[in-house]
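Pasting the structures here.
Both of the next two complexes hold chain A, though its partner changes from chain B to chain C.
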Partner chain A sequence: MKRTRAYKGLNALVLLVLTSLVMPALAQTAEEKGLQIAQERKSRDEGWGDSQAEASMILRTADRQEIERKMRLLSLEMENDGDKGLTIFDQPADVKGTAFLNYSHAIEPDEQWMYLPALKRVKRIASRSKSGPFMGSEFAFEDLSSFEVEKYQYRYLRDEKLSGMDTFVVEQTPAYEHSGYTKLLVWIDKQHYRAHKIEFYDRKDSLLKTLTMHDYQQYLDKYWRPMKLSMVNHQTGKSTDLITHALSFRTGLTEDDFSQASLKRAR
Partner chain B sequence: MRKTILAMGILASFASAAEIQTYLKTALEQRFYFQDAAYAQQENSDISLFVEPEIYYSFNEGADSVNFKPFFRYDSRDDERTHADIRELNWLHVGDEWELKAGISKVFWGQTESQHLVDVINQTDFVEAIDGEEKLGQPMVQLSLQKDWGTVSLFALPYFRERTFAGLDGRFRGPLRIDTDNPIYESQDEQQNLDWALRYMHYFGDVEIGLSYFDGTNREPGFVPDMDGTEPVLRPYYGQMQQTGLDMLAVVGATLYKLEAIHRETDREEFYALTAGFEYTSIGVLNSVYDIGWLMEYQYDERDEQATSLGQNDLMVGSRIVFNDIDGTEVLIAFIQDLDNSSSRSGYIEASSRINNNWKWRVDGWFFSSDQPTEPTYLLRRDDYVQLSLEYYF
Partner chain C sequence: MKTIWLNTILNRPWLTMLTVMLVILASAFGAKNLYFRGDYKIFFAQDNPQLQAYEKMQTVFSKNENASIIIAPESGQVFNPQTLQLISEMTEAAWQTPYSTRVDSIANFQHTRAEGDDLIVEDLLFDVQNMTAEEIEQAREVAVTEPNLVGRMISPQAHVAMINITVQMPEEDKTNKVMETADYVQQLSAQFAERYPGHDFYHTGVVFMNNSFASEAKHDAETLVPIMFLVIILVMWGLLRSFTATLATLLVIVTAIAATMGISGWLGIFLSTATVNVPTLVMTLAVADCIHVISSMFYGLREGRSKSEALHYAMRINLMPIFITSATTAIGFLTLNFSDVPILNDLGNLTAIGVMLAFALSVTLLPALLLVLPMRVASRQQMKNGSMEKLGDWVIRHHKRLLPISLVLVVISVAAIFNNEVNDIATDYFDKTTAFRQSTEFQEANLSGMSTMDFALYLDEPTALNKPQNLQLIADFSTWLREQPEVDHVASISDTFKRLNKNMHGDNPEYYRLPQERELAAQYLLLYEMSLPFGLDLNNQINLDKSATRINVTLENLGSKQITAFEQRALDWIASQGRPEVAVEAASPSLMFGHIGERNMSSMIEGTLIALVLISGLLVFALRSWRMGMISLLPNLLPAAIGFGIWGLYSGQINMGLSVVLSMALGIIVDDTVHFLSKYRLARGEGKDAEQAVRYAFSSVGRALWITTLVLVTGFSVLAMSTFALNADMGLLTGIIILVALAVDFLFLPPFLMVFDKKSTKEDKADETDKSLQGA
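Our next item is the complex of A and B:
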């Protein structure tokens, strides 16, 4: 009995010593470190309020045929939820005046409406699958929605140099059951916690697309936004660039600007 | 809200033209009819052209705007189809949680696809399309309140628009000419009868509900046989009606459930009618980028065979295929079966795709079948057609 207790005590001591020795490496699991990076990335991007942007999408087919789409995007930051967005299409001419309203959510399906100006009709879209393509581009709806920590489970993989930058490489597994992806590999720079490259893996776990972010600009002395997003689909050879021509923050938008009524009068 | 309006002003200034936006839609359409015409004056093909420009001007930092959208169609066969209309000419003022619109405008109410029972503000421009989707401009004053508990809109409609009908040279008609120059009104004020309507709409997450009430001239005419000289004709009869409508939509996973129900009372009858169904969309079918939507809607009208609408106990089944390509290619195929009368059915196909940023092609086809002279479809039994359109947008 006594011996057993002594043995237990010794055991505990050994464990303590061992633990303290190995502590620096075991302090965080890869999952905890991945989550911490994601939380830091999110916290550095909080408080931007609202924004308005003018953008183009350049769609390229495998044989380099090229076509441009023009749109304006209004965004509203929501606390503890995905952002709200209103997109007004200016080109191609047949969809000019068409507008798209999106309430994005982390693990619930988004809520989406389309306004068809010829019919004066607002149509609800069943948006369970966020994996559908946006306007015939290589971007899926889920690729364009706001980054929320709850959207993924995280695993830190390694440090890596990317174009001379020190980055973390983090594996993200979507929490949303109808996501089009099994995992994302994300390269995040250590200085500003901005994503520079994302690899998307499809349901068969093979590399589907790669997104790269270019020409980061800082707004309100805090918020970094890439002026160009390039998405390449490795399986089809098609690609899409999303280019921001003009962007302004804190323009005074409120939730009233993201209602069905405002969708109807969006121009 | 002041800030909001300012924001819209900033947004507008992003657009290439600061406060004026222009739009143009025009198309050349060629129709081919498959069967020999039912009546001697009709032809087996038809070429037609329409132009629909639009100009939008906003001022007062976006709080006020004016919109003008005229429409003109030329038809090579039917003088009644050659027609012009002002689709929109209105002024809109947006206030804090309210908006006021005055002038000629268009309003859409409802949720279903196969027919629009609840939607009664605008008259159908029936020579444009037999599916009733094209509407004439309606003079109105509309006041809307947008509150947390929903949107309430009040409409005053001071002038009535008569439905358009094909002439003797046109397709989609009965044996007798419809004498659109001599309509009969129940109201002594005729076209000047002041109609009014009220609508409430709200969104509760995955459920949307609309309630509406309309009191005024029925957009759907009855017909009174008469003589125009020696020619027997049908004169449109526009009675008064009170209609209460309900429309609902529920999102359950990838399925939208839709319902429209009305109760209509006129001096001649009182009845219920409904359309109910669903639309299920599967995205990325068989690992492709295609989306396929499945639609099914049931149409019921208490009046049975007296119903003036096509759907009194009918089932519509359809499929929408979205190619998700650069050209925005889409195909919709639908089939409508009369459940009371197995010989009465109709179907249509709509397909379209972009040629480039400004040009688009479209193919529309309809077929009708009925051997029962009492069925509305019977009148159209020889009007099966395919239409090829070349559209230009700017």
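Our next item is the complex of A and C:
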């Protein structure tokens, strides 16, 4: 009896030593795995160049009243930096022709300009905020700007089934000091590395909003874009849908189309 | 019937006790469902129009329940590096408050300024550690001139500042959430007080008001109920000098309360500042029943009867009177259902249940206990009390003078009733010793009132807010509001438009005016909204499609009349602007309290009239005489009239707690009348004249009336010790009325009867009821 027990104990010890020697080579920390997923996600979405979209925003109150806003979104992919974006507002009528230019940066404040047709002037907006509401919607500006690896620190949490898909659940902590969030939980499908659901946690670390992506379409045989984004604010009960009606890639836009001078031309 | 019932109880005391205890335990088990609710909404029914207007406004815009921290530096100046650092850090930390959605202070105020064609949007206090004296002075200049800040977030002389935390709480289990939030904020202040000595912190706002409602209810439960028990023990011991009798009474009271509160739990009625006093009330009202039974039994024992015989005697002569008095009391409390205040309905229903339970227990459990418990035959001879007879003689001797004197007193007090005015100010419900009241008073003295009123202007179409004539209306209204003497602060979107217009024109002060084009206004707003950080959006001022705006007005803590008058004045001003397409609505918790008093008073007057009819009907039945029923109206109504007259001279402020005193007191004081008149009528029926009948009434029930009045007044005085004004005032005034009722029965009613009840009463024969009323 005694012998057997001692033998077993020795066995366990040997196993432990062996495992501790082998494990580091095989295993990956949750942080490393999270980063790896993010890098893969980014790499699968590189090279699209530029795009133009027509979109609507449907804003809803807690008691389901709704209102629609229309806009055009022009984007230019930038290497090693956040993308450049130009938003031209079409509706409501009193902001028609207002154009908003944004150079997004991962950990620096964005650069922002706005052309006000009623004032016939371009104004630069100097603000540290990226978390303000976009057109009074439940989307903050930082929710809409391009995904950059440097924007967050990552931690892989678990695998999960999300409406039949195999997904990774990754926790992302914003690197930007003035972000409105403490963390994001992102569900990324294992097949195409597309985000399907994002939970946003506010400064007191309670769930603020959930974003879900719907109706993914593939462009240029490679790039996946959701035709509908739904953001629900759990604290206020308000929600916003961002719907893309038309989207085209490689339309020949250049940096000139994203200059301050271009703002006045954009109609 | 009565005999069978009595025999069942007295022959099988153990079975009786067991059965009663099982029923009580089953009821009391419901207490597991009891919980405290501290939330000002317990005062308002779901269909209350002011509540509905308020809730509608909260869905159109954002919720604006708040917890405020007022920071007072001992230096008397907020704009010093240390205090600014404190405010800045604390503003940041306050975002961690549970359920918070927004934090505002001078630190994170989004100050906008222009540099050429750049619009710079940043926190007013940014990087405080590196601010130069000059920059601090600039920030001070901005803060004390910015209409959105001065008078609310900072005092004009900049000696106190406020951090305002907006919370969004789910309605379910709200009280715990309120407490969690209040605790968090208090701890936050404690931490900063330690790190930054030389600063005082005060907490106000709706969250702290709700928290105080809950903590005052608990405080009442923890202090008043034990005091009441002590008082009961002392009174019982003083009156009966019997350990057994005191113990039996206590057992009856404890079981009555346990069952009542248990039933409250079963019915889903929560503990509130009102219902928390049900035990005190039930105790007060139940003791009288027990005293009647026990003193009758002692009387029987002293006459040499056996314990069983004495109990039989006591039950026989007391059953009917204590039933009638319990029933009238219950009816009085049940008419609290006419009140517009849900927790006063609860108070009425629970006390009514408690009173009837106490009645049931004093005719079942009490006799069974008295039979079983060992008891020394009361050795002490009850003093042959001549004082009542003496009082009776005195009243009879002086009745010709007493009647006019008391009539004059009555007229004076009735006139003094008109000194009273209905007035509900939620912050004044709390005693000056409470932290919440001290905070609101500090706030009022140094910064602003805690009262608010929100005006929503609903315009005719989407984005209509941007139209110049609408912006002008909003700006004019804001200007008008600021001119009103009651107004401490106005937060209006029109000021933001003016500031943006100035910023867009290179900060040229000439452009501090409204944009004159719809498109321009719309584009300013779009630009501004995009630049605001998380949580500091405009949803609290502008609705989704920009067809409505909310103007937040901070007011002095006004009384009901003043706040409703201010509301009306403001609505009239808008109406006078010739803009019929603009719908305007006012709402706020302060306004809800302002309206509830009037609403509640008129419905309670209705309730009291019904109580009066029902109780008088019961009296006609009990006294078996229409005539006596009519005469009884006088001693029943006069005490309330005189009581409210005294109140008019003493205070003159009628809050919603006092509106229910009338019907509540009526059900209690009617007991005195029943006892006195039934004895009087008994004597008259035996052919005695009014004078002899009065003398008989004095000698037979005088002492009992003294004792019950003593017990009741003591009980309500305990309630008057509450630090919560609704309870304290209710207790005090009811106590006064009960005392006055005794005076009326002793000093006014006899002379009245001797002057007006001269005719012979042959046809009014003493009957069964009168005999059964004897012992009381």
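Throughout what follows, the second predicted complex is superposed on the first by the 243 of 267 C-alpha atoms of A that agree within 3 Å, B and C clash if a C-alpha of one lies under 4 Å from a C-alpha of the other, contacts with A are read in each partner's own complex, and residues count from 1 in each chain.
Throughout what follows, a contact is a pair of C-beta atoms (placed from the backbone, for glycine too) under 8 Å apart; a residue touches a chain by one contact, two chains touch by 3 or more.
Just so we're clear, the structure is a prediction, and the values are computed from it rather than from any experiment.
When both complexes are overlaid on chain A, chain B and chain C end up clashing with each other. When the shared chain is aligned, chain B and chain C each come close enough to touch A:Arg124. When the shared chain is aligned, chain B comes close enough to touch A:Glu111, but chain C does not. In the superposition on chain A, A:Ile67 makes contact with both chain B and chain C.
Once the two complexes are laid over each other on the shared chain, residue contacts for A:Ala175 go to neither chain B nor chain C. Applying the stated contact rule after C-alpha superposition, one finds that A:Thr98 touches chain C and leaves chain B untouched.
Contacts of A:Gly252 after superposition on the shared chain: chain B is touched, whereas chain C is not. Of the two partner chains, neither chain B nor chain C is touched by A:Val149. After overlaying the two complexes on the shared chain, residue contacts for A:Phe89 are found with chain C alone; chain B is out of touch. In the superposition on chain A, contact of A:Met165 is made with neither chain B nor chain C.
Among 99-107, 657-665 or 747-755, the region of chain C with C-alpha atoms clashing against chain B is 99-107. Note: residues 59, 61, 65, 67, 92-95, 118-119, 121, 124, 126, 128-129, 131-133, 136, 180 of chain A belong to the chain B contact set and to the chain C contact set alike, using the contact criterion stated above.
Of all the residues in chain C, the ones that touch chain A in their complex are 59-60, 62-63, 95-98, 100-101, 115, 117-122, 168, 462-463, 466, 504, 517-524, 526-527, 529-539, 542-546. On the side of chain B, the complex with chain A involves touching residues 1, 3-4, 6-8, 10-12, 14-15, 21, 23, 25, 56, 58, 65, 92, 94, 97, 99, 106-108, 111, 133, 144, 146, 151, 201, 203, 205-206, 208, 249, 251, 253-256, 279-281, 283-284, 289, 291, 324-328, 354, 356-358, 360, 391, 393-394. Against chain C, the residues of chain A that register as touching in their complex are 59-63, 65, 67, 89, 92-95, 98, 100, 112, 114, 116-119, 121-129, 131-136, 140-141, 178, 180-181, 202-204, 206, 235-236, 238.
Only residues 50, 52, 54, 59, 61, 65, 67-68, 72, 74, 90-97, 109, 111, 118-121, 124, 126, 128-129, 131-133, 136, 180, 246, 248, 251-254, 256-257, 259-261, 265, 267 of chain A touch chain B when the two sit together in their complex.
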